[in-house]
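Notes to accompany the following structure.
Every chain is named by a letter (A, B, C, D and E) in the order it is written, and numbering of its residues begins at 1.
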Amino acid sequence: MIISVILIPFIAGILVPIIPFQKRWQKEVFLETAVVLNSILVWYLLLHHSDSTFLLAHFTGNLNISFRVDGMSMVFAGLVSALWPFATLYAFEYMTKEKHENVFFLFYTLTYGVTLGIALAANLLTMYFFYELLTLVTVPLVMHTLTREAILASRKYLYYSLGGAAFAFLGLIMVIVYGSTTDFILGGVLDPAKTVGKTNVLLLIYVMAFMGFGVKAAVCPFNSWLPQASVAPTPVTALLHAVAVVKSGAFAIIRLTYYSFGTDFLKGTWAQDVVMAVVMFTIVYGCSRAVKETHLKRRLAYSTISNLSYILFGAVIMTPLGLVGALTHLVFHAVMKISSFFCAGAIMHQTDRHYVHELNGLGYKMPCVFGIFTVASLALMGVPGLAGFVSKWNLAQAAVESGNPLAWGGIACLLVSALLTAIYMLTIVVRAFFPGKDFDYGTVSGIRDPNWKMLLPLFIFTVFIILFGVYSQPLVDFFMEVAGGNI
Amino acid sequence: MSKKRPASEYQKTFAFRFFRWLSGEKDPYIGEMEMHPQEEYQPDREAALRHEREHDAIMDKVYDTEHNRSLHLFHRLYQATSILFCLFLIALLLVTISYLPATGTVNRPVNNEVAKRYIEKGLEETGAVNIVAGMILDYRAFDTLGESHVLFVATITVLILLRLNKTQKDEAEISDRRFEPKNDAILQLVATFLVPVIIIFGIYIILNGHLGPGGGFSGGAVIGAGLVLYLNAFGFKKTERFFTEKTYKWVCFFSLSFYCLAKSYSFYTGANQLHSVIPKGTPGAILSSGLILPLNIAVGLVVACTIYAFYAMFRKGGF
Amino acid sequence: MGPNLFTNYGEAVSAVLFCIGFTNLLLQTNLIKKIIGLNIMDSAIYLFLAEKGYIAGRVAPIVVNGVTSTEAYINPIPSGLVLTGIVVSVSVTALMLSLTIRLYTRYHTLNLDEISMQLKKEGK
Amino acid sequence: MYFILLSIFFPILAGLFLLIRFRTPLSGEKAGTDRKPLLVLTGIFLVITAVFAFAAPLTAREGFTLFYLTETLPIYFRIDSVGQLFSLLAVIVLLCAGFFSFSYMKHEERESRYYGFYLILFGVLNALCFAGNLITFYLFFELLTLSSMPLVLHNGSREAIMAGLKYLFYSLCGAYGALFGIYFLYQSCDTLTFTAGGVLKETAVTQHGGFLLLTAFVMLLGFGVKAGMFPMHAWLPTAHPVAPAPASAVLSAVIVKAGVLAVVRITGYIFGTGFLRGTWVQTVWMCLTLITVFMGSMLAYREPVLKKRLAYSTVSQLSYILFGLAVMNEASLVGSLFQVLAHGFVKAALFLCAGAIIYKTGKTRVEEMRGIGKEMPLTMWCWTIASLGLVGIPPTGGFVSKWYLALGSLKSGLPVLDVLGPIILLVSALLTAGYLLPLTIHGFFPGGDYDYSGLQKKEPRKLMTVPILILTSLPVVIGLFPDTIAGIILMAVKGR
Amino acid sequence: MNFICNFPFFSILLSLFSGTVCSVLPAKAAKAVNRVVIIAVGLMSAVLLLYLLSTGESFIYWMGHFPAPWGNEIRAGVLEAGMALFFCIIMYLSMAGGAHKLPGEVVESKHNLYYILVNLLLSSLLALVYTNDMFTAYVFVEINTISACGLIMIRQVGRTIEAAVRYMIMSLLGSGLLLFGLCIMYDLTGHLLMSNIKESVAQLIAAGEYQIPLIVSVALMCIGLCIKSALFPFHAWLPDAYGYSTVSSAAILSSLVSKGYIFLLIKIIYRVIGFDIFNSTRIIDVLFVFGLMGMIFGSLSAIKENDIRRMIAFSSVAQIGYIYMGFGMGTQAGMVASVFHILSHAATKSLLFIAAIGLTDVSGGSRKFIDLTGAAYRNKWAGVAFTAGSLSMVGIPLFSGFISKLLFAQAAVQVEGKMLASLIVLGISTVLNAIYFMKTVIRIYTTAGESPYSGVTFRDMKAYAVTLLFFILLNVALGVSSQPVVNMIEQGLAMFA
């Protein structure tokens, strides 16, 4: 059962180029059916999860590839499987303008399976395995257009991701050697008997592994791949580089911190300070770069960098509340960012405009898209009543509650970043709706909102942004349970 | 404000900027927001060409060994370090040697039961009077098998490197004839006398390999030397009557095959504790000591041919 | 410094020779000189081995008059090793020489650095 | 209860309706002929909202929770006297400015957008006044910024857009500073509901009182942005000149008062004056307000553009209020709240006068306005009276408020500042006279060499003059009955 | 004695003899003989391996009628048999993969000479694997060196000959040092057989005699073999030698020849000196440091390289650095990791070389990256294979490279003083690997407009494609079911002691 949700996307993906579809819609129906089915299966699995571990294969020694559903995996798998059908729907429409569709959908669907693999992995090795695999299946998506930029971007993406994985690997080794098991157990698996006297080394390796996984989560010195990778088609940028891939990095860090090394071991050490400082810097850095960036998708990518570090900030607070904050932002940011990216994609798809200064006056021509974009912007800023506020609130509360002065500084970073978010998001909105006095409306004539395939996901995401903003309690309670280790 | 300053200078002062900020005329962020789009990548042919030219120029400079100071410096440095390293190695080895057991004495690890048995039982077990020959061709025959194949593989590589194909060979022959001492009377006369003597001496060495100093390799080398002398005196035309590449090939093949098979038999019987059918013979006789004599002959043939082949190859690239 | 340096003068000489050969092999740019260095090096080792086999006052291990007593002969093993070593050295020398010939006919120089330069200029 | 909700959500929905219903055609030409339905609708909506807002305090005084953002974050409304006071100001000013803009906005594009956001702003302001806890307050404080920004950048020129953004970012910056405080307060307070005397936990105060002081300071600075306090005042002089005059009036009279309300709320109702009094926060805060007072007046004094001059004046005058709040005793508090009313009406009147001048003559600089009193005597009379109110000449409200402020300051017993404060207030009042009255003087007495021939009657329509008149009369009225008003305020302050 | 015990001897002699036989055969027949011999030896090794696994202990085989310490001996254990089998597999695949290129690279009349060299190389590798005698080892090292040199320069362009010269010079330096060390060792112990030397060494150590010469001798042997296996500072000959020789040669050289020397070094460490004694010397530290430097500098050079085959060659330098790092850790686990890496690197590197040639073939024979653009579309099999090899090199799970990385890291963690250094360098080196291999992979999957070169289809290169497939399978097999292999290595190393 649990393996089937990983395999179905693989099979479906591989079938796409193999089956000779007569018409486009047949392919669309096939893919969408597969994806939706899989998502339903995932949700069924999550709702009826048992605590047993499914062992797929022995790898070497006592290492094995196995899967299990626990709280964290429920969050991530649920998120991914909820978003994927919409993203696929959106991709159908978007990809009408691009070439090599089959290859695209092949890897796109493969990525679904791999991401679920990361989510459902029961131990560190399995997660690492799928983590590496994720890099590989997403590279073709980044270089899809095969332009010079795409090639450079994918190259950088590969270097960064694989290099990061190399350092994350060290963390894996540490857990293998000094832990009692590699399975994920809330509170960590390090064996105190083995770690005596090795604390500093372990912490150093933790920092390295953090940075290693952090590459995917675009932690500061290793973030430049993400904006570059936005040359990929928008469904990719939206889903992968705002949700699946980058969140995998954050997810992996959470796993590493809470489930492998254990917060008891890490909390209050210099390692925590170091990673927190890095994360805080990234929060501010990402935003300030976003302000300077004029390419729309790259700007959003920088925003993603900063927001990912929110999640990590929650994670490195290393308290249950921190985890709650991280999870909240993990989910909420996914919805907000995917919606803003889809807006960007819709704009690019309808108008072929990529730069912020080209968006003047489009707000009147594409009211739906820009309305949704505005909502997403406000949510990202953290206006109360929208999703962003709740997650930021949780993060900040966790930081306050932790009593760590550095974390208090982190709150300041969050707020600075919120201000910068306002700058880089609202300037777009203002441009679109208030183009200025001498704006020539002739330049935007003939532009209109995209069709329902694009708008439907957007609307649904917007509803969720608002819903989460005003009624997030069950979800947050669920996260509490997860963080408390009750699920 | 007693003295009037020009406006441009005034505008640079801190006070002016402060005042502008105070009165809300200056915004810290405005300059940041209105940016020009980033330039699309344009393949610039001019730049590429220029780059190429620069590259060439740099390469010229790098390969200009005459005038490259850093290269000279590097060479000097390399030499100096090498010499230092070698001096260090000498010192190290000398120190090591100073700790080694004293040469010429009996009580050394070297003079242990191994040597003792070779000397005491060698004659009995191998039938060879020459203990060294017995040792290398019987006790430690595997090494020697390897050794002969070293020679073989060396010949093969020389062949690969220097053997010419048909057309090249003809050209080489023409140019070779030009330098060949033609009909040098003294040489030919001396050779007429010496070559048989040398070859017979070589044969003697081979055949007595198990009885006294000598053996396949040394004998073969002597024979080879005789052949080389003959070649030098009389030229390829004469030698090709009896010695061509084909001859060489088959002689080598048969000798080595014999060597291999014979030794295989010996190893196989030895390892499986089987009785070997090869008789040891009477120690001291020519026909004695089991396989050693035939092996010496085989090695001798191979070596003789190889020495000749080396010479021919070096000189002309063929036979 | 150990006690036996002057007793082992033969080995000492061989060590010095070895290093001379080694240095030549490393430093000489002329290929022929390199090969000479190689041969010096090999010969040094043979000298070393010969010294190892030597025992004062004894003769070569060829059985004379059926005397098979350890007191009579020197150690035969090093001699055997030298014999094998010589063949190897001959083979290697032949190979090196043929390589040198090949390079000389192609580049008309024996200087390895110059050959490298020319190769790089060829750009292949 | 319903009236509260209605007063909040009716204008917001009405505004959204206007925005969608009267979408102006894209070509950018003026709406022109079909202004009427828009104006009528807007007028009706405004009046209805005002009625709701007035009715709200009469019908319900206990609080209620609308919904929960998260389990512990209720959106909670409650009406208390301070809120009511601010609501009163807001409703009057918004009504007057709204009607004024019916004629003023004739020469601007995209009126429907203006009115839509105006109505939304109305609702948000009501919500802000009636907000019962800090989270609710914060929510609407953010929305206030967002909904007022379109008014600022309404005219669409590049400067306007830049000014709008500047306003937005300064305000958000302040709001986030406040949010920083809220994060910490949440853990150190029993509840975030506004309660007179503060809600700080005893334990929190003893444990990290120093940090809480810092928090308070950050929050004061943050909310102070909206109130134009010194280090973050720069948005005001940028935003005012480019905004339409009625928008400026609202901005200057009401929206900045939201900052004041915020400061009142956090000092009086969250931290409690007892916690802040006598600390370094109070000292620094007072210094900042005094600097602002003086600086604002000086800048206004040397500013040639009329609306900008008024903006600087707002900076200066608002800090009177903040100074009063910072002194933190009863008299000063009364003075502050009195000043809120007085300044609100006066500044609205002044801006509307300026708007009328601009609307009729297109003149923006002070030196161009010689002889304007001959052209627009009614407007200029109003201007003069309002100016006197701002300067603090009895019997206007300005005098009363300043009196109370000085009284409070002198009674506070703070070292140095208790005397320095009134002195600076006095100097600033002189400067105020210096920058406002020349317009009157030159307007009515342009001097001997003035050429009267080019003058013509330019008095605006009634739709403009009536709001100005109302707004001008109000400060005089409250100045005439200072004791009554002060009594009411005192009651409000005490009964909080 | 079981008949199977003859197999090591048979395989050595068979390959030696086939070398001789090939000298009189025409090219076609020589090729057939070569293939048959490799297969036969492989089968024998496989049978032997099974036999050894079932008996669980190693055996000594007399080469002649005399037992140790008088006669020559060979010895077979699990590790030896496994290595022999593996070498055969790699060699067969390399030969098969490069066969179609041979006519273009080597003059027709010299083909049989080529096969002679290959056969002799195989025999020398087998002898190095099986030998129990130091001097035999020396002799076969020389055969190995000379035949490797022959394989380098059989494609006669200027570069290869120069590379061969450089290779010979370095090798001869190495041989000289090895021989000298050997002689000193002989002088100290009076033995040439490994088992006997080990006993004597243990006695010497116990008695505290001849410490300095002993260490110097070990050091000389180690340095000699390091030079021969192209450890970092001695790698100057390597790129040209691997980069310009024939395909099969490059594959064999990189994956087998240097591994033969390394395996000999392992034997010396275990069987001659004794693992613990070796570890107590400072030599392992030197090896460790040079290993680490090799990992870094090899990769750096590879990044700078603009020629695909030279790049792969430089990558070998780095990979050999890994192996020496494993030695340098001085633990059993490190050694296991190194041995596993020998296997994994051999499987991967030959795959890369063979795949690279497929790519260069469809790019007009140029190995410059710029010409390789889009090559993977023109030759799909080679593209996939190169990608697989690269991923293995980078250490992606499922491929063999990951396991060796895992083993190295696990081993490193257990070493107190060297843990951080090795882990960090491991990480950095993986990053560097990723950079140059992924650069290439992306390059070959890039289409830059119309390519002037035409592609090939599966029909054109069946044998080649199948070879690549087998290579990939081998790689994946090593990566997925590594546990038996690791167990075997552990068992084999245990047998060494």
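One rule holds in what follows: contacts are C-beta pairs under 8 Å (C-beta built on N, C-alpha and C of every residue); 3 or more make two chains touch, one makes a residue touch a chain.
Keep in mind the model is a prediction, meaning the values are calculated, not measured.
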- prompt: Looking at CA centres, what chain is most distant from chain B?
  reply: D
Task: Select the chain whose centre, defined as the mean of its C-alpha atoms, is least distant from the mean of all protein C-alpha atoms.
output: A
Statement: Most remote chain w.r.t. Chain E, using mean C-alpha positions, is D
Distance from the mean Cα position of chain D to that of chain A, given in whole angstrom: 43
Query: chain D to chain E: how many Å between their CA centres?
result: 83
Query: Cα centroid separation between chain C and chain D, in whole Å?
result: 101
Field: Contacts with 2+ other chains: residues of chain A
entry: 423, 427
Query: Which residues of chain D are in contact with two or more other chains?
result: 165, 169
Statement: Where chain E touches two or more other chains simultaneously, the residues are 135, 139, 142, 146, 149, 153, 156, 161, 180, 186-187, 192, 212
Message: Show me the residue ranges of chain C that touch chain E in the complex, using the header's touch definition.
response: 2, 18, 21-22, 25-26, 31, 34, 38, 41-42, 45, 48-49, 52, 77-78, 81, 84-85, 88, 91-92, 95-96, 99-100, 102-103, 106-107, 112, 115-116, 118-119, 122, 124
- prompt: Which of the residues in chain A end up touching chain E in this complex?
  reply: 57-61, 125, 128-129, 132-133, 136, 139-140, 143, 146, 151, 154-155, 158-159, 162-163, 165-167, 169-170, 173-174, 176-178, 201, 204-205, 208, 212
Message: Touching residues of chain B toward chain C in the complex: what are they?
response: 63, 65, 79, 82-83, 85-87, 89-90, 93-106, 110-111, 114-116, 118-124, 129-132, 135-136, 140, 143-144, 147-148, 150-151, 153-155, 157-158, 161-162, 211-213, 215, 217, 283, 310, 313-314
Query: Contact residues on chain E for chain B in the complex?
result: 1, 5-6, 9, 13, 16-17, 19-21, 23-24, 61-66, 69-72, 74, 107, 109-110, 113-114, 116-117, 120, 123, 127, 133, 135-136, 139-140, 142-143, 146-147, 149-150, 153-154, 156, 161, 180, 184, 186-192, 200, 210, 212-213, 216-217
Chain D partner contacts - residues on chain A that touch it in the complex: 364-365, 378, 381-385, 389-390, 393-394, 396-397, 399-401, 408, 411-412, 415-416, 418-419, 422-423, 426-427, 430, 434-437, 439, 441, 444, 469-473, 476-477
